[in-house]
Amino acid sequence: METTASNVFIHPRAIVESDQIGRGTRIWASAHVLKGAVIGENCNIGDGAFIEGGAKIGNNVTVKNQCLIWEGVTIADNVFVGPNVVFTNDPWPRSPRLEQVKERYATKQWLSPTQVAEGVSLGASVTVMCGITIGEYATVGIGSVVTRDVPAHALVYGAPARVMGAVCRCGHKLQFQQQHATCGTCGHRYRKEKELIQWVGPKTI
Amino acid sequence: METTASNVFIHPRAIVESDQIGRGTRIWASAHVLKGAVIGENCNIGDGAFIEGGAKIGNNVTVKNQCLIWEGVTIADNVFVGPNVVFTNDPWPRSPRLEQVKERYATKQWLSPTQVAEGVSLGASVTVMCGITIGEYATVGIGSVVTRDVPAHALVYGAPARVMGAVCRCGHKLQFQQQHATCGTCGHRYRKEKELIQWVGPKTI
Amino acid sequence: METTASNVFIHPRAIVESDQIGRGTRIWASAHVLKGAVIGENCNIGDGAFIEGGAKIGNNVTVKNQCLIWEGVTIADNVFVGPNVVFTNDPWPRSPRLEQVKERYATKQWLSPTQVAEGVSLGASVTVMCGITIGEYATVGIGSVVTRDVPAHALVYGAPARVMGAVCRCGHKLQFQQQHATCGTCGHRYRKEKELIQWVGPKTI
(Lines give C-alpha, C1' and ligand atoms only; values in the text may rest on other atoms or scores of the structure.)
Protein backbone atom coordinates (compact mmCIF):
# COMPACT_ATOMS: atom_id res chain seq x y z
CA MET A 1 0.00 0.00 0.00
CA GLU A 2 1.68 3.18 -1.17
CA THR A 3 -1.02 5.80 -1.24
CA THR A 4 -4.34 6.23 0.41
CA ALA A 5 -7.08 4.42 -1.52
CA SER A 6 -9.81 6.48 -3.16
CA ASN A 7 -12.76 5.12 -1.19
CA VAL A 8 -11.46 6.00 2.27
CA PHE A 9 -14.02 7.99 4.27
CA ILE A 10 -12.55 10.87 6.25
CA HIS A 11 -14.94 12.91 8.38
CA PRO A 12 -14.56 16.63 7.69
CA ARG A 13 -13.52 17.17 11.32
CA ALA A 14 -10.84 14.45 11.28
CA ILE A 15 -7.19 15.27 10.57
CA VAL A 16 -5.43 12.71 8.39
CA GLU A 17 -1.80 13.44 7.55
CA SER A 18 -0.87 9.88 6.54
CA ASP A 19 -1.11 8.74 2.93
CA GLN A 20 -1.11 5.06 3.88
CA ILE A 21 -4.77 4.29 4.58
CA GLY A 22 -6.32 1.16 3.05
CA ARG A 23 -9.49 1.04 0.98
CA GLY A 24 -12.85 1.09 2.71
CA THR A 25 -11.44 2.50 5.95
CA ARG A 26 -13.50 5.14 7.76
CA ILE A 27 -12.01 7.81 10.02
CA TRP A 28 -14.39 9.81 12.23
CA ALA A 29 -14.58 13.29 13.75
CA SER A 30 -11.67 14.66 15.79
CA ALA A 31 -9.55 11.61 15.00
CA HIS A 32 -5.95 12.47 14.12
CA VAL A 33 -3.79 10.16 12.02
CA LEU A 34 -0.22 11.44 11.78
CA LYS A 35 2.16 11.26 8.86
CA GLY A 36 3.82 7.85 8.77
CA ALA A 37 0.97 5.95 10.41
CA VAL A 38 -0.14 2.89 8.43
CA ILE A 39 -3.78 1.75 8.53
CA GLY A 40 -5.10 -1.24 6.56
CA GLU A 41 -8.35 -1.89 4.73
CA ASN A 42 -11.91 -1.76 6.09
CA CYS A 43 -10.91 -0.30 9.44
CA ASN A 44 -13.12 1.92 11.53
CA ILE A 45 -11.27 4.64 13.45
CA GLY A 46 -13.55 6.27 16.04
CA ASP A 47 -13.95 9.90 17.10
CA GLY A 48 -10.94 11.41 18.78
CA ALA A 49 -8.63 8.43 18.21
CA PHE A 50 -4.96 9.43 17.79
CA ILE A 51 -2.62 7.31 15.68
CA GLU A 52 0.98 8.41 15.65
CA GLY A 53 3.51 8.07 12.86
CA GLY A 54 5.19 4.68 13.13
CA ALA A 55 2.05 2.91 14.40
CA LYS A 56 0.86 0.05 12.16
CA ILE A 57 -2.72 -1.20 12.02
CA GLY A 58 -3.87 -4.19 9.93
CA ASN A 59 -7.13 -4.86 8.07
CA ASN A 60 -10.68 -4.98 9.52
CA VAL A 61 -9.53 -3.39 12.76
CA THR A 62 -12.01 -1.49 14.94
CA VAL A 63 -10.42 1.37 16.87
CA LYS A 64 -13.09 2.89 19.10
CA ASN A 65 -13.25 6.50 20.26
CA GLN A 66 -10.29 8.26 21.90
CA CYS A 67 -7.80 5.40 21.62
CA LEU A 68 -4.16 6.48 21.75
CA ILE A 69 -1.85 4.43 19.53
CA TRP A 70 1.81 5.45 19.42
CA GLU A 71 4.88 4.79 17.33
CA GLY A 72 6.06 1.26 18.08
CA VAL A 73 2.59 -0.25 18.37
CA THR A 74 1.67 -2.88 15.76
CA ILE A 75 -1.89 -4.17 15.57
CA ALA A 76 -2.72 -7.20 13.40
CA ASP A 77 -5.91 -7.90 11.42
CA ASN A 78 -9.41 -8.14 12.93
CA VAL A 79 -8.51 -6.59 16.28
CA PHE A 80 -11.07 -4.74 18.42
CA VAL A 81 -9.50 -1.83 20.30
CA GLY A 82 -12.19 -0.69 22.72
CA PRO A 83 -13.01 2.91 23.63
CA ASN A 84 -10.39 4.92 25.51
CA VAL A 85 -7.73 2.19 25.23
CA VAL A 86 -4.29 3.71 25.76
CA PHE A 87 -1.00 2.21 24.62
CA THR A 88 2.45 3.32 25.79
CA ASN A 89 5.92 3.18 24.28
CA ASP A 90 8.28 4.48 26.97
CA PRO A 91 8.79 2.29 30.07
CA TRP A 92 10.41 5.02 32.21
CA PRO A 93 9.03 8.34 30.95
CA ARG A 94 10.23 11.77 31.95
CA SER A 95 9.51 15.11 30.35
CA PRO A 96 12.11 15.16 27.53
CA ARG A 97 13.10 18.76 28.26
CA LEU A 98 14.25 17.83 31.78
CA GLU A 99 18.01 18.45 31.86
CA GLN A 100 19.03 14.98 33.13
CA VAL A 101 17.25 13.11 30.32
CA LYS A 102 17.85 15.27 27.25
CA GLU A 103 20.50 12.85 26.05
CA ARG A 104 18.22 9.81 26.40
CA TYR A 105 15.54 11.46 24.30
CA ALA A 106 17.99 12.61 21.61
CA THR A 107 17.59 9.20 19.91
CA LYS A 108 14.73 6.66 19.81
CA GLN A 109 16.54 4.10 22.00
CA TRP A 110 13.96 4.61 24.77
CA LEU A 111 11.20 3.24 22.54
CA SER A 112 9.79 -0.17 23.50
CA PRO A 113 7.46 -1.79 20.92
CA THR A 114 4.14 -3.58 21.49
CA GLN A 115 2.46 -6.26 19.36
CA VAL A 116 -1.25 -7.06 19.28
CA ALA A 117 -1.96 -10.28 17.36
CA GLU A 118 -4.83 -11.23 15.03
CA GLY A 119 -8.37 -11.09 16.40
CA VAL A 120 -7.59 -9.72 19.89
CA SER A 121 -10.19 -7.69 21.81
CA LEU A 122 -9.14 -4.96 24.23
CA GLY A 123 -12.02 -3.84 26.45
CA ALA A 124 -12.94 -0.25 27.26
CA SER A 125 -10.31 1.88 29.03
CA VAL A 126 -7.61 -0.79 28.99
CA THR A 127 -4.05 0.51 29.46
CA VAL A 128 -1.24 -1.45 27.80
CA MET A 129 2.35 -1.37 29.08
CA CYS A 130 4.93 -1.24 26.29
CA GLY A 131 7.32 -4.03 25.37
CA ILE A 132 4.70 -6.77 25.44
CA THR A 133 2.80 -9.06 23.08
CA ILE A 134 -0.90 -9.87 23.26
CA GLY A 135 -1.55 -13.27 21.68
CA GLU A 136 -4.11 -14.02 19.00
CA TYR A 137 -7.82 -13.90 19.90
CA ALA A 138 -7.08 -13.02 23.53
CA THR A 139 -9.61 -10.77 25.29
CA VAL A 140 -8.63 -8.15 27.87
CA GLY A 141 -11.45 -7.14 30.24
CA ILE A 142 -12.56 -3.52 30.68
CA GLY A 143 -10.41 -1.22 32.78
CA SER A 144 -7.49 -3.66 32.94
CA VAL A 145 -3.81 -2.73 33.08
CA VAL A 146 -1.78 -5.12 30.91
CA THR A 147 1.77 -5.36 32.22
CA ARG A 148 3.04 -8.66 30.75
CA ASP A 149 2.55 -10.87 27.69
CA VAL A 150 -0.92 -12.34 27.21
CA PRO A 151 -1.17 -15.90 25.77
CA ALA A 152 -3.32 -16.62 22.71
CA HIS A 153 -7.04 -17.15 23.48
CA ALA A 154 -6.59 -16.06 27.11
CA LEU A 155 -9.24 -14.04 28.92
CA VAL A 156 -7.32 -11.67 31.17
CA TYR A 157 -8.43 -8.87 33.43
CA GLY A 158 -7.51 -6.81 36.49
CA ALA A 159 -4.61 -4.55 37.37
CA PRO A 160 -2.24 -6.13 36.63
CA ALA A 161 -4.21 -8.27 34.18
CA ARG A 162 -4.04 -12.02 34.95
CA VAL A 163 -5.30 -15.07 33.06
CA MET A 164 -8.84 -15.76 34.30
CA GLY A 165 -10.17 -18.00 31.53
CA ALA A 166 -10.18 -18.70 27.82
CA VAL A 167 -12.09 -17.30 24.85
CA CYS A 168 -13.06 -18.60 21.43
CA ARG A 169 -12.29 -16.83 18.16
CA CYS A 170 -15.91 -15.66 18.27
CA GLY A 171 -15.26 -13.89 21.58
CA HIS A 172 -17.29 -16.13 23.92
CA LYS A 173 -15.89 -18.00 26.93
CA LEU A 174 -14.52 -21.51 26.54
CA GLN A 175 -14.91 -24.20 29.20
CA PHE A 176 -12.18 -26.82 29.00
CA GLN A 177 -12.85 -30.45 29.94
CA GLN A 178 -9.31 -31.64 30.60
CA GLN A 179 -7.49 -30.61 27.39
CA HIS A 180 -10.51 -30.10 25.14
CA ALA A 181 -13.10 -27.38 24.63
CA THR A 182 -15.93 -26.78 22.17
CA CYS A 183 -17.39 -23.27 22.06
CA GLY A 184 -21.01 -23.30 23.29
CA THR A 185 -21.83 -20.45 20.92
CA CYS A 186 -20.16 -21.23 17.59
CA GLY A 187 -18.91 -24.79 17.96
CA HIS A 188 -15.24 -24.13 17.17
CA ARG A 189 -12.94 -26.66 18.86
CA TYR A 190 -9.73 -26.12 20.88
CA ARG A 191 -7.00 -28.13 22.56
CA LYS A 192 -4.91 -27.03 25.53
CA GLU A 193 -1.37 -28.32 26.01
CA LYS A 194 0.86 -27.04 28.81
CA GLU A 195 -1.38 -23.96 29.20
CA LEU A 196 -1.18 -23.15 25.47
CA ILE A 197 -4.53 -23.05 23.71
CA GLN A 198 -4.66 -24.10 20.06
CA TRP A 199 -7.49 -23.87 17.59
CA VAL A 200 -8.38 -27.34 16.24
CA GLY A 201 -11.15 -26.61 13.75
CA PRO A 202 -14.63 -25.28 13.10
CA LYS A 203 -17.90 -26.84 14.22
CA THR A 204 -18.16 -30.60 13.52
CA ILE A 205 -21.25 -31.19 11.42
CA MET B 1 -39.67 16.53 23.60
CA GLU B 2 -39.75 16.43 19.81
CA THR B 3 -37.33 19.04 18.63
CA THR B 4 -34.35 20.75 20.12
CA ALA B 5 -35.38 23.73 22.24
CA SER B 6 -34.37 27.21 21.10
CA ASN B 7 -32.16 28.08 24.07
CA VAL B 8 -29.78 25.16 23.78
CA PHE B 9 -26.14 26.32 23.70
CA ILE B 10 -23.99 24.48 21.19
CA HIS B 11 -20.30 25.43 21.05
CA PRO B 12 -19.24 26.18 17.46
CA ARG B 13 -16.74 23.29 17.64
CA ALA B 14 -19.33 20.76 18.89
CA ILE B 15 -21.16 18.45 16.47
CA VAL B 16 -24.82 17.93 17.32
CA GLU B 17 -26.79 15.70 14.94
CA SER B 18 -29.65 14.97 17.35
CA ASP B 19 -32.79 17.12 17.37
CA GLN B 20 -33.83 15.93 20.82
CA ILE B 21 -31.97 18.25 23.19
CA GLY B 22 -33.89 19.84 26.09
CA ARG B 23 -34.01 23.56 26.87
CA GLY B 24 -31.14 25.15 28.72
CA THR B 25 -28.70 22.35 27.86
CA ARG B 26 -25.14 23.35 26.96
CA ILE B 27 -22.88 21.29 24.71
CA TRP B 28 -19.19 22.19 24.61
CA ALA B 29 -16.30 22.02 22.13
CA SER B 30 -15.46 18.75 20.35
CA ALA B 31 -18.49 17.04 21.90
CA HIS B 32 -20.40 14.88 19.42
CA VAL B 33 -24.08 14.04 19.90
CA LEU B 34 -25.31 11.61 17.27
CA LYS B 35 -28.69 11.44 15.59
CA GLY B 36 -31.14 9.62 17.81
CA ALA B 37 -29.48 10.55 21.12
CA VAL B 38 -31.91 12.08 23.63
CA ILE B 39 -30.68 14.69 26.13
CA GLY B 40 -32.97 16.37 28.68
CA GLU B 41 -33.13 19.92 30.04
CA ASN B 42 -30.40 21.92 31.77
CA CYS B 43 -27.67 19.39 31.09
CA ASN B 44 -24.02 20.25 30.70
CA ILE B 45 -22.15 18.12 28.15
CA GLY B 46 -18.39 18.64 28.45
CA ASP B 47 -15.69 18.95 25.79
CA GLY B 48 -15.11 15.83 23.75
CA ALA B 49 -18.04 13.86 25.19
CA PHE B 50 -19.57 11.41 22.72
CA ILE B 51 -23.25 10.46 22.95
CA GLU B 52 -24.40 7.83 20.51
CA GLY B 53 -27.84 7.45 18.94
CA GLY B 54 -30.01 5.40 21.27
CA ALA B 55 -28.45 6.80 24.46
CA LYS B 56 -30.93 8.59 26.76
CA ILE B 57 -29.96 11.28 29.27
CA GLY B 58 -32.42 12.92 31.71
CA ASN B 59 -32.60 16.46 33.09
CA ASN B 60 -29.93 18.37 35.07
CA VAL B 61 -27.29 15.81 34.18
CA THR B 62 -23.60 16.77 34.19
CA VAL B 63 -21.55 14.87 31.63
CA LYS B 64 -17.92 15.87 32.07
CA ASN B 65 -15.28 15.93 29.34
CA GLN B 66 -14.58 12.94 27.09
CA CYS B 67 -17.30 10.66 28.47
CA LEU B 68 -18.38 7.92 26.08
CA ILE B 69 -22.09 7.07 26.25
CA TRP B 70 -23.39 4.44 23.84
CA GLU B 71 -26.68 3.16 22.53
CA GLY B 72 -28.34 1.18 25.30
CA VAL B 73 -27.23 3.48 28.13
CA THR B 74 -30.01 5.30 30.01
CA ILE B 75 -29.12 7.99 32.54
CA ALA B 76 -31.79 9.42 34.86
CA ASP B 77 -32.11 12.99 36.18
CA ASN B 78 -29.47 14.81 38.27
CA VAL B 79 -26.67 12.36 37.56
CA PHE B 80 -22.98 13.40 37.63
CA VAL B 81 -20.93 11.55 35.03
CA GLY B 82 -17.33 12.40 35.86
CA PRO B 83 -14.57 13.12 33.34
CA ASN B 84 -13.42 10.28 31.09
CA VAL B 85 -16.16 7.91 32.28
CA VAL B 86 -16.63 5.15 29.71
CA PHE B 87 -19.73 2.99 29.31
CA THR B 88 -19.93 -0.23 27.28
CA ASN B 89 -22.74 -2.08 25.53
CA ASP B 90 -21.21 -5.32 24.24
CA PRO B 91 -20.17 -7.93 26.83
CA TRP B 92 -18.02 -10.01 24.44
CA PRO B 93 -16.76 -7.62 21.77
CA ARG B 94 -14.93 -8.57 18.60
CA SER B 95 -14.19 -6.48 15.53
CA PRO B 96 -17.49 -6.83 13.61
CA ARG B 97 -15.69 -7.44 10.32
CA LEU B 98 -14.01 -10.59 11.67
CA GLU B 99 -15.43 -13.49 9.61
CA GLN B 100 -16.59 -15.62 12.56
CA VAL B 101 -18.76 -12.89 14.08
CA LYS B 102 -20.30 -11.15 11.07
CA GLU B 103 -23.59 -12.93 11.72
CA ARG B 104 -23.70 -11.87 15.39
CA TYR B 105 -23.24 -8.23 14.44
CA ALA B 106 -25.84 -8.36 11.66
CA THR B 107 -28.54 -7.60 14.27
CA LYS B 108 -28.49 -5.72 17.61
CA GLN B 109 -28.92 -8.89 19.72
CA TRP B 110 -25.42 -8.43 21.13
CA LEU B 111 -26.47 -5.16 22.81
CA SER B 112 -26.72 -5.22 26.61
CA PRO B 113 -28.34 -2.12 28.21
CA THR B 114 -27.22 -0.17 31.29
CA GLN B 115 -29.29 1.97 33.66
CA VAL B 116 -28.01 4.80 35.85
CA ALA B 117 -30.64 5.94 38.36
CA GLU B 118 -31.50 9.43 39.68
CA GLY B 119 -28.77 11.40 41.42
CA VAL B 120 -25.89 8.95 40.94
CA SER B 121 -22.27 10.20 40.81
CA LEU B 122 -19.65 8.39 38.73
CA GLY B 123 -16.12 9.51 39.59
CA ALA B 124 -13.39 10.37 37.11
CA SER B 125 -12.28 7.60 34.71
CA VAL B 126 -14.83 5.06 35.90
CA THR B 127 -15.50 2.20 33.45
CA VAL B 128 -18.98 0.66 33.50
CA MET B 129 -19.67 -2.90 32.34
CA CYS B 130 -22.89 -3.25 30.35
CA GLY B 131 -26.01 -5.06 31.51
CA ILE B 132 -26.03 -3.51 34.97
CA THR B 133 -28.02 -1.00 37.02
CA ILE B 134 -26.54 1.65 39.30
CA GLY B 135 -29.04 2.52 42.04
CA GLU B 136 -30.19 6.02 42.96
CA TYR B 137 -27.75 8.40 44.63
CA ALA B 138 -24.96 5.82 44.63
CA THR B 139 -21.41 7.13 44.25
CA VAL B 140 -18.69 5.27 42.34
CA GLY B 141 -15.13 6.25 43.32
CA ILE B 142 -12.57 7.47 40.79
CA GLY B 143 -10.89 4.93 38.53
CA SER B 144 -13.29 2.12 39.48
CA VAL B 145 -14.45 -0.68 37.21
CA VAL B 146 -18.15 -1.39 37.81
CA THR B 147 -18.94 -5.01 36.93
CA ARG B 148 -22.19 -5.68 38.82
CA ASP B 149 -25.31 -3.86 40.05
CA VAL B 150 -24.75 -1.09 42.60
CA PRO B 151 -27.39 -0.64 45.35
CA ALA B 152 -29.03 2.74 45.97
CA HIS B 153 -26.97 5.11 48.18
CA ALA B 154 -23.95 2.78 48.12
CA LEU B 155 -20.42 4.12 47.98
CA VAL B 156 -18.50 1.67 45.81
CA TYR B 157 -14.95 1.68 44.51
CA GLY B 158 -12.14 -0.52 43.27
CA ALA B 159 -11.75 -2.92 40.36
CA PRO B 160 -14.14 -4.61 40.55
CA ALA B 161 -16.08 -1.97 42.48
CA ARG B 162 -17.37 -3.23 45.87
CA VAL B 163 -19.63 -1.61 48.47
CA MET B 164 -17.40 0.32 50.88
CA GLY B 165 -19.91 2.61 52.57
CA ALA B 166 -23.01 4.73 52.07
CA VAL B 167 -23.67 8.24 50.78
CA CYS B 168 -26.40 10.81 51.28
CA ARG B 169 -28.35 12.46 48.49
CA CYS B 170 -26.02 15.43 49.00
CA GLY B 171 -23.01 13.24 48.17
CA HIS B 172 -21.39 13.06 51.62
CA LYS B 173 -20.68 9.86 53.54
CA LEU B 174 -23.28 8.42 55.91
CA GLN B 175 -22.39 6.69 59.17
CA PHE B 176 -25.04 4.22 60.24
CA GLN B 177 -25.72 3.57 63.92
CA GLN B 178 -27.45 0.21 63.66
CA GLN B 179 -30.20 0.86 61.11
CA HIS B 180 -30.25 4.65 61.25
CA ALA B 181 -28.15 7.46 59.83
CA THR B 182 -28.40 11.24 59.75
CA CYS B 183 -26.13 13.05 57.30
CA GLY B 184 -23.57 15.15 59.17
CA THR B 185 -23.58 17.68 56.34
CA CYS B 186 -27.21 18.25 55.33
CA GLY B 187 -29.22 16.43 58.03
CA HIS B 188 -31.18 14.12 55.71
CA ARG B 189 -32.19 10.89 57.45
CA TYR B 190 -31.91 7.26 56.26
CA ARG B 191 -32.89 3.77 57.37
CA LYS B 192 -31.12 0.54 56.44
CA GLU B 193 -33.01 -2.74 56.23
CA LYS B 194 -31.34 -5.92 55.03
CA GLU B 195 -28.56 -3.88 53.40
CA LEU B 196 -31.05 -1.69 51.52
CA ILE B 197 -30.76 2.01 52.30
CA GLN B 198 -33.91 4.11 52.18
CA TRP B 199 -34.34 7.86 52.42
CA VAL B 200 -36.58 8.77 55.40
CA GLY B 201 -36.81 12.54 55.16
CA PRO B 202 -35.04 15.89 55.24
CA LYS B 203 -33.46 17.54 58.25
CA THR B 204 -35.62 17.53 61.39
CA ILE B 205 -36.03 21.12 62.54
CA MET C 1 4.21 36.39 32.53
CA GLU C 2 1.41 38.71 31.53
CA THR C 3 0.63 37.96 27.93
CA THR C 4 1.18 35.00 25.68
CA ALA C 5 4.66 35.05 24.15
CA SER C 6 5.00 35.56 20.41
CA ASN C 7 6.62 32.21 19.61
CA VAL C 8 3.90 30.01 21.06
CA PHE C 9 2.70 27.40 18.56
CA ILE C 10 -1.04 26.89 18.53
CA HIS C 11 -2.43 24.24 16.16
CA PRO C 12 -5.23 25.66 14.02
CA ARG C 13 -7.63 23.12 15.53
CA ALA C 14 -6.72 23.97 19.15
CA ILE C 15 -8.77 26.45 21.18
CA VAL C 16 -6.68 28.73 23.38
CA GLU C 17 -8.58 31.31 25.42
CA SER C 18 -5.81 32.00 27.93
CA ASP C 19 -3.32 34.81 27.38
CA GLN C 20 -0.82 33.38 29.85
CA ILE C 21 1.20 30.90 27.76
CA GLY C 22 4.99 30.95 28.02
CA ARG C 23 7.41 31.21 25.11
CA GLY C 24 8.21 28.13 23.09
CA THR C 25 5.12 26.25 24.24
CA ARG C 26 3.26 24.15 21.67
CA ILE C 27 -0.46 23.36 21.86
CA TRP C 28 -1.82 20.68 19.54
CA ALA C 29 -5.08 19.87 17.76
CA SER C 30 -8.35 19.71 19.72
CA ALA C 31 -6.61 20.88 22.90
CA HIS C 32 -8.60 23.49 24.82
CA VAL C 33 -6.93 25.95 27.19
CA LEU C 34 -9.49 28.05 29.03
CA LYS C 35 -9.25 31.68 30.07
CA GLY C 36 -7.32 31.96 33.30
CA ALA C 37 -5.18 28.86 32.78
CA VAL C 38 -1.44 29.54 33.19
CA ILE C 39 1.09 27.52 31.18
CA GLY C 40 4.86 28.08 31.41
CA GLU C 41 7.63 28.01 28.81
CA ASN C 42 8.61 25.17 26.48
CA CYS C 43 5.65 23.01 27.34
CA ASN C 44 4.07 20.52 24.97
CA ILE C 45 0.29 20.21 25.30
CA GLY C 46 -1.00 17.16 23.38
CA ASP C 47 -4.10 16.68 21.24
CA GLY C 48 -7.37 16.92 23.08
CA ALA C 49 -5.88 18.01 26.42
CA PHE C 50 -8.17 20.28 28.44
CA ILE C 51 -6.74 22.85 30.84
CA GLU C 52 -9.27 24.77 32.87
CA GLY C 53 -9.03 28.32 34.15
CA GLY C 54 -7.26 28.30 37.50
CA ALA C 55 -4.93 25.42 36.57
CA LYS C 56 -1.22 26.31 36.73
CA ILE C 57 1.48 24.51 34.75
CA GLY C 58 5.22 25.25 35.06
CA ASN C 59 8.03 25.20 32.47
CA ASN C 60 9.18 22.24 30.31
CA VAL C 61 6.07 20.26 31.17
CA THR C 62 4.83 17.52 28.83
CA VAL C 63 1.06 17.10 28.89
CA LYS C 64 0.17 14.17 26.64
CA ASN C 65 -3.07 13.72 24.72
CA GLN C 66 -6.49 14.00 26.35
CA CYS C 67 -5.27 14.93 29.85
CA LEU C 68 -7.87 16.74 31.95
CA ILE C 69 -6.43 19.39 34.25
CA TRP C 70 -8.88 21.40 36.36
CA GLU C 71 -8.93 24.55 38.43
CA GLY C 72 -7.02 23.87 41.63
CA VAL C 73 -4.33 21.71 40.01
CA THR C 74 -0.78 23.08 40.12
CA ILE C 75 1.98 21.33 38.18
CA ALA C 76 5.63 22.30 38.73
CA ASP C 77 8.47 22.38 36.17
CA ASN C 78 9.67 19.37 34.14
CA VAL C 79 6.67 17.17 34.89
CA PHE C 80 5.52 14.41 32.50
CA VAL C 81 1.73 14.03 32.48
CA GLY C 82 1.08 10.85 30.51
CA PRO C 83 -1.72 10.31 28.02
CA ASN C 84 -5.31 10.26 29.33
CA VAL C 85 -4.27 11.30 32.87
CA VAL C 86 -7.28 12.74 34.69
CA PHE C 87 -7.17 15.03 37.70
CA THR C 88 -10.12 15.85 39.97
CA ASN C 89 -11.01 18.78 42.21
CA ASP C 90 -14.23 17.79 44.00
CA PRO C 91 -14.00 14.99 46.58
CA TRP C 92 -17.78 14.37 46.79
CA PRO C 93 -19.21 15.38 43.43
CA ARG C 94 -22.88 15.66 42.58
CA SER C 95 -24.52 17.27 39.56
CA PRO C 96 -24.59 20.95 40.66
CA ARG C 97 -28.18 21.40 39.47
CA LEU C 98 -29.43 18.73 41.91
CA GLU C 99 -31.70 20.58 44.38
CA GLN C 100 -29.95 19.37 47.59
CA VAL C 101 -26.52 20.64 46.55
CA LYS C 102 -27.23 23.94 44.80
CA GLU C 103 -26.07 25.83 47.88
CA ARG C 104 -22.78 23.91 48.09
CA TYR C 105 -21.96 24.72 44.47
CA ALA C 106 -22.90 28.41 44.82
CA THR C 107 -19.34 29.11 46.05
CA LYS C 108 -15.97 27.40 45.39
CA GLN C 109 -15.72 25.95 48.93
CA TRP C 110 -16.06 22.42 47.52
CA LEU C 111 -12.77 22.81 45.60
CA SER C 112 -9.84 20.72 46.86
CA PRO C 113 -6.43 21.57 45.33
CA THR C 114 -3.72 19.18 44.08
CA GLN C 115 0.04 19.77 43.79
CA VAL C 116 2.42 17.95 41.46
CA ALA C 117 6.07 18.72 42.28
CA GLU C 118 9.11 19.20 40.02
CA GLY C 119 10.08 16.35 37.70
CA VAL C 120 7.21 13.96 38.49
CA SER C 121 6.03 11.40 35.89
CA LEU C 122 2.41 10.28 35.77
CA GLY C 123 1.94 7.19 33.61
CA ALA C 124 -0.77 6.67 31.02
CA SER C 125 -4.39 6.75 32.25
CA VAL C 126 -3.53 7.61 35.84
CA THR C 127 -6.41 9.10 37.87
CA VAL C 128 -5.48 11.54 40.64
CA MET C 129 -7.74 12.16 43.66
CA CYS C 130 -7.89 15.82 44.70
CA GLY C 131 -6.43 17.27 47.86
CA ILE C 132 -3.09 15.50 47.56
CA THR C 133 0.55 16.25 46.81
CA ILE C 134 2.83 14.20 44.58
CA GLY C 135 6.45 14.67 45.67
CA GLU C 136 9.32 15.65 43.39
CA TYR C 137 10.58 13.13 40.81
CA ALA C 138 8.06 10.49 41.90
CA THR C 139 6.75 8.15 39.19
CA VAL C 140 3.18 6.83 39.13
CA GLY C 141 2.72 3.62 37.12
CA ILE C 142 0.22 3.34 34.27
CA GLY C 143 -3.46 2.94 35.11
CA SER C 144 -2.96 3.77 38.80
CA VAL C 145 -5.45 5.56 41.03
CA VAL C 146 -3.62 7.98 43.34
CA THR C 147 -5.63 8.51 46.52
CA ARG C 148 -3.03 9.81 48.99
CA ASP C 149 0.20 11.83 49.06
CA VAL C 150 3.17 10.36 47.19
CA PRO C 151 6.67 10.88 48.69
CA ALA C 152 9.49 12.38 46.62
CA HIS C 153 11.31 9.86 44.38
CA ALA C 154 8.76 7.12 45.14
CA LEU C 155 7.66 4.65 42.48
CA VAL C 156 3.97 4.01 43.17
CA TYR C 157 1.36 2.00 41.34
CA GLY C 158 -1.92 0.16 41.71
CA ALA C 159 -5.41 1.17 42.78
CA PRO C 160 -4.97 2.65 45.29
CA ALA C 161 -1.36 3.46 44.36
CA ARG C 162 1.18 2.24 46.95
CA VAL C 163 4.93 2.76 47.26
CA MET C 164 6.62 -0.11 45.38
CA GLY C 165 10.13 1.27 44.93
CA ALA C 166 12.21 4.36 44.24
CA VAL C 167 13.21 6.25 41.10
CA CYS C 168 16.07 8.52 40.14
CA ARG C 169 15.68 12.01 38.70
CA CYS C 170 16.38 10.38 35.32
CA GLY C 171 13.33 8.12 35.73
CA HIS C 172 15.08 4.78 36.25
CA LYS C 173 14.67 2.53 39.28
CA LEU C 174 16.95 2.92 42.28
CA GLN C 175 18.15 -0.02 44.39
CA PHE C 176 19.03 1.01 47.94
CA GLN C 177 21.80 -0.75 49.83
CA GLN C 178 20.83 0.17 53.38
CA GLN C 179 20.49 3.97 53.20
CA HIS C 180 22.42 4.57 49.98
CA ALA C 181 21.69 4.25 46.28
CA THR C 182 23.54 5.12 43.08
CA CYS C 183 21.52 5.12 39.88
CA GLY C 184 22.72 2.35 37.55
CA THR C 185 21.82 4.47 34.54
CA CYS C 186 23.02 8.01 35.26
CA GLY C 187 25.10 7.69 38.44
CA HIS C 188 23.19 10.21 40.56
CA ARG C 189 23.43 9.44 44.28
CA TYR C 190 20.67 9.29 46.94
CA ARG C 191 20.28 8.82 50.68
CA LYS C 192 17.23 7.42 52.47
CA GLU C 193 16.40 8.47 56.01
CA LYS C 194 13.22 7.32 57.73
CA GLU C 195 11.68 6.44 54.35
CA LEU C 196 12.48 9.90 52.92
CA ILE C 197 14.68 9.84 49.84
CA GLN C 198 17.06 12.75 49.28
CA TRP C 199 19.22 13.58 46.30
CA VAL C 200 22.90 13.74 47.31
CA GLY C 201 24.63 14.70 44.06
CA PRO C 202 25.47 13.82 40.48
CA LYS C 203 27.78 11.04 39.29
CA THR C 204 31.12 10.88 41.12
CA ILE C 205 33.88 11.16 38.54
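We just call them A, B and C in the order they show up, numbering each chain from 1.
Keep this in mind: a contact is a pair of C-beta atoms (placed from the backbone, for glycine too) under 8 Å apart; a residue touches a chain by one contact, two chains touch by 3 or more.
Bear in mind the structure is a predicted one, so any value in this text is a computation, not a measurement.
Asks: Interface check for copies chain A and chain B. Shared numbers divided by all numbers used: above half gives same, below half gives different; which is it?
Replies: Answer different: the two copies use largely distinct residue numbers here.
Asks: Considering chain B as a copy of chain C, what rotation angle in degrees (nearest 5) results from a C-alpha superposition of the former onto the latter?
Replies: Between chain B and chain C the superposing rotation measures out at 120 degrees.
Asks: If you average the CA atoms of chain A and of chain B, how many Å lie between those two points?
Replies: The answer is 27 Å.
Asks: Which chain A residues sit where two or more other chains touch them?
Replies: 30, 48, 66, 84, 125, 159
Asks: Taking the touch rule as given, give the residues of chain A at its contact with chain C in the complex, in rising order.
Replies: Residue list for chain A touching chain C: 15, 30, 32, 48, 50, 66, 68, 84, 86-88, 92-101, 104, 125, 127, 129, 145, 147, 159.
Asks: List the residues on chain C that touch chain A in their complex, please.
Replies: For chain C paired with chain A, touching residues are 13, 29-30, 42, 47-48, 60-62, 64-66, 78-80, 82-84, 119, 121, 123-125, 139, 142-143, 158-159, 167, 169-173, 186, 188.
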